[in-house]
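In the two assemblies presented below, subunit A is common to both, partnered first by subunit B and then by subunit C.
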Partner chain A sequence: MIRILLRYLVLFSLTFLTLSALSFSLVYLFPTEPVTTLTGITPQNLVQHEALVTQYHLDDSYLVQFAHYLGDLFNGNWGVSLFSGEPLLDEIMLALPATIELSAYAMSIVLVVGIPLGCYSGLKAYTGSDYTINSVSVVVNSVPVVWLAVIFILTFSLQFGWLPLSGRINLLFDIPSQTGFLFIDILLTDNIDTARALKDAFLHLILPTLAIAFISTAALVRITRRSVIDVLNQPYIIAARAKGLSSRQIFFRHVLRNALLPALPLLAMQITTLITNAMIVETLFSWPGIGSWLIQAIYQRDYSALRMGMLAVSTLVVMITIAIDLFNRLIDPSREKYESVTI
Partner chain B sequence: MSRFSLYDDEAHPSPWQQTWQAFKSSHIALVGLALLMLFVFFAFFAPLVTPYDPNSQNTEALLIPPSWAANGSITHLFGTDALGRDLFSRIMYGCRVTFGTSLLVVIIAMLIGVTIGTIAGMLSGVRSSVMNHLLDALMAIPTLLIAIIIVGILGSGLVNSMWAITLALIPQFIHHTRSFVRSEMKKDYIQSSTLDGANYLQVFYYSILPNMIEMLVVQGALALSVAILDISALGFLNLGAQAPLPELGAILAAGLDAGYLAPWNIALPGITIFLMVLSITIVGDGLRSALRKRVNR
Partner chain C sequence: MPLLDIKNLTLEIDTGTQSIKALDKINLTVNSGEIRALVGESGSGKSLIVQAIAGATPPNWTITADRMSWSGNNLLSMSEQQRRQILRKDIGVVFQNALASLDPSVTLGEQLEESLPDQLVEGNWFWQRKQNRRKVVVSTVHKVGIKDHEHYLRAYPHQIPTDIGQKLMLAMALISQPKMLIADDPTRGMETTTKVQVLKLLSRLNQTRSLGILFVSHDLLAIASMSDTMTVLYCGQTVESGKMKNIRKRPLHPYTKALLDSAPSFTKDLPPKSELPTLAGTIPTLQHLPIGCRLGPRCPRAQRDCVNVPAVRKIHDHSYSCHFPLHRDKS
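Up next is the complex of A and B:
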C-alpha cells in the first residue's frame, strides 16, 4: 500500500519535473527575448535588462537557471502577463476554477447518463434497444464539438431566445470572486437576490455543459457497454447464475463492479478529450475559463502567459489522470497495470 | 470437369479474405466504407470534379442559397459564401485538405510510434517502466494545448498544426505497440523463432509485425478520426489553416460571420466533417468486429 503510494508520488514528481522542464525550455523556444518570456516585462533600457538578467540568473548555466525557475514556481512568483501586466498567478487562479466548474458539471452529467445507459445496452446486447443506443452513441461521438456548440447557440440562443448566449452570469449581478467557483461565490455574497442570481448562473451553464457532455457521454456509453458484454461472458457469471442468484443480484454484485474497473483507465483518457472540448466550447461561449484565456493569449502572442498556462493545465490534467490510476490500483491491487478494455 | 478436393472448400481463404467476408456481412459497415471511399475520391480527384475554382470570388453571386432551397440555383449546388465563392467546390477541396493532412499525420505518427513502442516493448526493466509511466502521463496533455504551444513557437499555419497533432498522437501508438509487443514476447512462437537464431529485428519483422497489423489498422482508424476533429478544430480557431485555404474547420469559421443570414454556410461544412468522422468510425468498428469474429472462429 505504502509502496504503491510512494511509487505514484515518485511518478508524479518526475512528470511534474518533466513538465516544468518543458515550460522552462519554452523560455528559449518562443520567438522573443528569454527575459521577456520569463518575466512578462519588456525591458525598456539596457539597465533594466541587466537588472532582470541578474535577478533571474539568466547569465548562469541552464541547470542553475532551471533550479531558480523551480524555486520561483513554488514561491508563487510566476511573472506577469505580457499583455495585461497582471501577475499570472492571480489570472490563472481566476480562470482555472471556471474551467474546473464547467468540466465537473459536464463530467457528472457524463457519469450519471453514460454508465446506466451503457449498462442497459450491454445487458440487452444485440437486441433492438441495444442497437438503437449504440448507433446513437456512434453518431453523437462523431459530431465535431465546434459545430455542436455553434448549432446550440444558433437554435437555443438566437432562434428561440431561451438561453443566454455567453458568459457565466448576467453582468448586472456584481459577484466578487472569492473562491472562483461561481455558485459558492453567489452564496457567499450578501446584498444580492441570491435565488435570481443562482437561476441566472444556472441558465448560463446549460448550453456549454451540454455541448461538452454530449460527446463524452457517447464515448462512455460505448466503453461501458463493451465492458459489460465482456464481463457477462466470463465463467463466474455462469457460476453465479448456477448458484441461483437473481439477475438483479448478479448485476449489482458481479457485473457492475467488474465492468467498471477496466473502464476506469479509459475514463481517465476521456478526461483529456473532455478538457480539450471544454477549452473549445469556452471560446465559443466566452466562458472566462483557462481555455479561452489560453486562446486569447495565443492570439495576442502573450508568451509568458502561454508558458505558465501550459504548465498549469497540463499539471492539472496529469494530476487527475494519475489520481484515477492510483485509485484503480488501490481498489484492485491484483490487476495487471495496463489491463483495460477496448471500446 | 471435376477436380479432386480433400476438403469441402474450393480454396482456403487467406486471413485478409476471411476478414473481408466477416466485414461484408455487416451492411452498415459497407455503407460506411462506400462513404469513406467517396471522401478518398474527393481527396485525390478534387481538381478534376469541382465545377469552380475554390478561391475565385464572384461579386455577382453573393450568398446564393443551396440548389434545393426555393430561391437557389443549380449553377451553385451548395450555394455560395459571403465572398461569392462556390461552397460545393470549397467543401470538396476541404475534404482534400482535411482528410489528406489527417491521413498524412496518422501515417507519420504511426511510423514513429511503432518504432519507439517496439523498442520499448522489447526492452525491460526499470528504464522501460519509467519511460512507460512518463509517456502515460504525457499522453494526458490535451491536444489543443500542445497545438497552442507549437503555434506559439513556430507560428500558425496548416503545416505547424500538423506537427502539433502528430506530436499529440504519437504517445498513443507507443502505448499500444508497447503493450502488444510485451504480451507477444512472452508467447511460445516468439521463443521458438528466437531459438532458431532470429535477432530482434527478424523477430519483429517476421513474427510480431504480421500479428500487429490488425491492431494498427484499428488504432489508425481511431487516430484518423481524432486527427480530423483536431485539424478542423484548429482551423476553426484560426490556429491551423489560414484564411483562403479551403479547410473544413476554416470554412466553418468563415461561415459563422454570415451565419444568421446564410445558415447553410455553417450546416454544410459541419455535416461534411461529421460524415467523414462517422464513416471512419463505422469502418473502424466494422473492422474491429470482423477481426474479433475471425479470431474467435
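Up next is the complex of A and C:
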C-alpha cells in the first residue's frame, strides 16, 4: 500500500519536474527579455535590470537558474503579472478555484447522468432505446462546446430570459473571496441574504455547467455502454445466470463493478477534455476562472502570467489523472501490486 | 420419471448471413441417481447442450425442442422466475472454462457464499447466518479437496491455479445441494491423482445422495469406470445412446466404435508398434456441415442412403441412428 503510494508520488514528482522545466524554458523562448518573462517586471533602468539579474541568478548556468526557479516556485514567489502587477500566485489562486468548482459540478452531472444511461443502454443493447441513446450521444459528442454554449445563451438568456447571461453571481452581492469556492464563501459571509445569494449563484451556474456536462456525458455514455456490453458477454456472467441469480443481482454484483473498472481510465482522459471545455465556456460566460484569465493573458501578451498559468493548469490535470489511476489501482483487485505506474 | 428429459433439441445459431443448426435433434435423459456420460470430440456441441440446459444463451441462438422438461415441468414454457429457481436449487452447473467463469473482481469466498441459497442457511439472526454460511462454505471447499481454505477463499480468480479454479466451480455447483449436476469437463487438464479424487467425490455423491450427473467429457477412460449410461455425440447429432456396458461391448454406430477403438486400453489385443486405429479426417466446422448423417464423409460404412438423416432406432434402451449399423447386418 505505502509502496504503491510512493510509486505514484515519484511519478508525480518526475512529471512535475518535467512540467516546470518546460515552463522554465518558456522564459527563454518567449520573444521578450528573460528577466521580464521570469519576474513580470519590465526594468526601467540598467540598475534595476542588474539587480533583478542578480536576484534571479540569471548570470549563472541554466541548471543553477532552474534550481532557483524551483525554489521560487515552492516559496510562492511566482513573479507578478506583466499587465496588472499583481502577484501571480494570488491571481491564480483566485481564478483556479472557480474553474475547479465549475468542472466539479459538471463532472458530477456527467457521472450521475452518464453512468446510469450508459448501463441502461448497454443492458438493452441493440434495441430501439439503445440505438436512440447511442445516436443522440454520438451527435452531442460531435457538437463543438463553443457553439453549444452560444446556443444556450441565445435560447435561455436572450430569448426567454430565464437564466443570467454571465458571471458567477449578481454583482449586488458582495462576497469576499476566502476559499475561492463560491458556495462556501457565501455560507461564510455574514451580512448578506444567504438564501437569495445561493439561489442567484445557482442560477448563474446552470448554463455553463450544462454546456460542459452535455458533451462529456455523451462520451461517458458510450464508454459505459461499450464496457457493459463487453462484460455481459463474459463467461462469468453466463455462470452467474446458471447459478440462478436474478438479472438485478447479476447486474449489481457482477456487471457493474467489472464494467466500471476498465471505464475509469477512459474517464480520466475525459476529465482533461472536460477541463479544456470548461476553460472555453468560461470565456463565453465571463466566468472568472483560469480559462478566461489565460485567454486575457494571451491577448495582453502577459508572458509571465502565461508561463505560470500553463504550469498551474497542467499540474492540476496531471494531479487528477494520477489520482484517478491511483484510485483505480486501489479498488481493482486484478491489478498486480508491483505493476509499474503510468499516466 | 426422469429428472431431465430432452427430446429433439435443436439449436440454431444465427450468424447474420445464415442460420446454422449447431445441434440437430438431440435426445438426452438423465434419471435421478444416474451418471450419464456425454461424449464426443471437440466441436461436437457438448458445451452447447450444457449452455442450452443452463438457459444461458446469447440472443442469436434459437432453441426448439419437442420436450425439454425438468422432473415433468416444461423448461421452455415456464417463466424466467421458475426456471431460475430450478437452476438455483436443483441444478448445479460446472462450466468448462473454470477461471473465466469466475468473476474477476469478487473474492472466491464471496462467490461461493452467493451460490448458497438462503434456505440452506440456518440461524435467525444475521450474525448466526453469517457464521453458518461461512461454515457451509468451508466444509464444501474441503469436500472438493481444497485444504488451504483460508488462503483460497480470500483470493481473486487471477491468483489461483486452474485446478483449484475447477474445484471451486465444482464446490459452487454442489453447495446448493442440487438434485442434478451438469459437469462440463470438470477434470480437464488435471493431473491423474487429483482427477481420481474428483471422480471419486462425484461417484460418492451419486451413491449417497442419489445425485444425477451429466458428465460431459472426452476422457473415455475416466467416464467408463463411473458412468451408467452414455450418449455419444457427433457434430451436433446424437449418434448412439444406451447403457455403458452394452455400448462398450457392442457399439452399433461406426462412430462409437471408432471412438472406443481410439482409446488404447479398450482394445485389448493391440500388437506392439502397430498403428493406432483412428477415423480419417477431422470433425467439420459449423459453417460446412454435411447434409444427412453428418458422419457421412468420414464414415467407413457410408453408402448412398447416408445423405438422408437416419431415424433413431431403438433396441430395448439402446438407441442409435445409423442406416447401416454394425453387428446388425443379418437382420
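Criterion: the second predicted complex is superposed on the first by the 334 of 343 C-alpha atoms of A that agree within 3 Å, B and C clash if a C-alpha of one lies under 4 Å from a C-alpha of the other, contacts with A are read in each partner's own complex, and residues count from 1 in each chain.
The criterion applied here is as follows: a residue touches a chain if its C-beta (ideal position, glycine included) is under 8 Å from a C-beta of that chain, and two chains touch if they have at least 3 such contacts.
These figures come from a predicted structure and were not determined experimentally.
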Answer with clash or fit: subunit B and subunit C placed together on subunit A by superposition. fit
Residues of subunit A touched: more by subunit B or subunit C? B
So, does A:I175 touch the first partner subunit B, the second partner subunit C, both, or neither? neither
First, second, both or neither for A:V139, with subunit B first and subunit C second: first
Partner chain(s) touched by A:R301 [first = subunit B, second = subunit C, both, neither]: first
Thinking of the overlay built on chain A, is A:I206 touched by subunit B (first), by subunit C (second), by both, or by neither? neither
What angle, in steps of 10 degrees, lies at subunit A between subunit B and subunit C when each chain is taken as its C-alpha centre? 70
Between subunit B (first) and subunit C (second), which, if any, makes contact with A:M93: first, second, both or neither? neither
What is the contact status of A:V318 with respect to subunit B (first) and subunit C (second): first, second, both, or neither? first
Look at the superposition and give the distance in whole angstrom between the closest pair of CA atoms, one from subunit B and one from subunit C. 9
Which part of subunit C faces subunit A closely enough to touch in the complex? 51, 54-56, 58-59, 84-89, 91, 93, 95, 97, 100-107, 114-115, 156, 158, 169, 172
Subunit A residues within the subunit C interface of the complex: 126, 233-236, 238-246, 253-254, 257-258, 261, 332-334
Show me the residue ranges of subunit B that touch subunit A in the complex, using the header's touch definition. 28, 130, 133-134, 136-145, 148-149, 151-153, 155, 179, 225, 229, 232-233, 236-239, 249, 252, 256, 259-260, 263, 266, 270, 273-274, 277-278, 281-282, 285, 288
State the interface residues of subunit A toward subunit B in the complex, per the touch definition above. 11, 14-15, 18, 26, 29-31, 135, 138-139, 141-147, 150-151, 154, 158, 268-269, 271-272, 275-276, 279-280, 283, 291, 294-295, 298-299, 301, 303, 306, 310, 313-314, 317-318, 320-322, 325, 338, 342
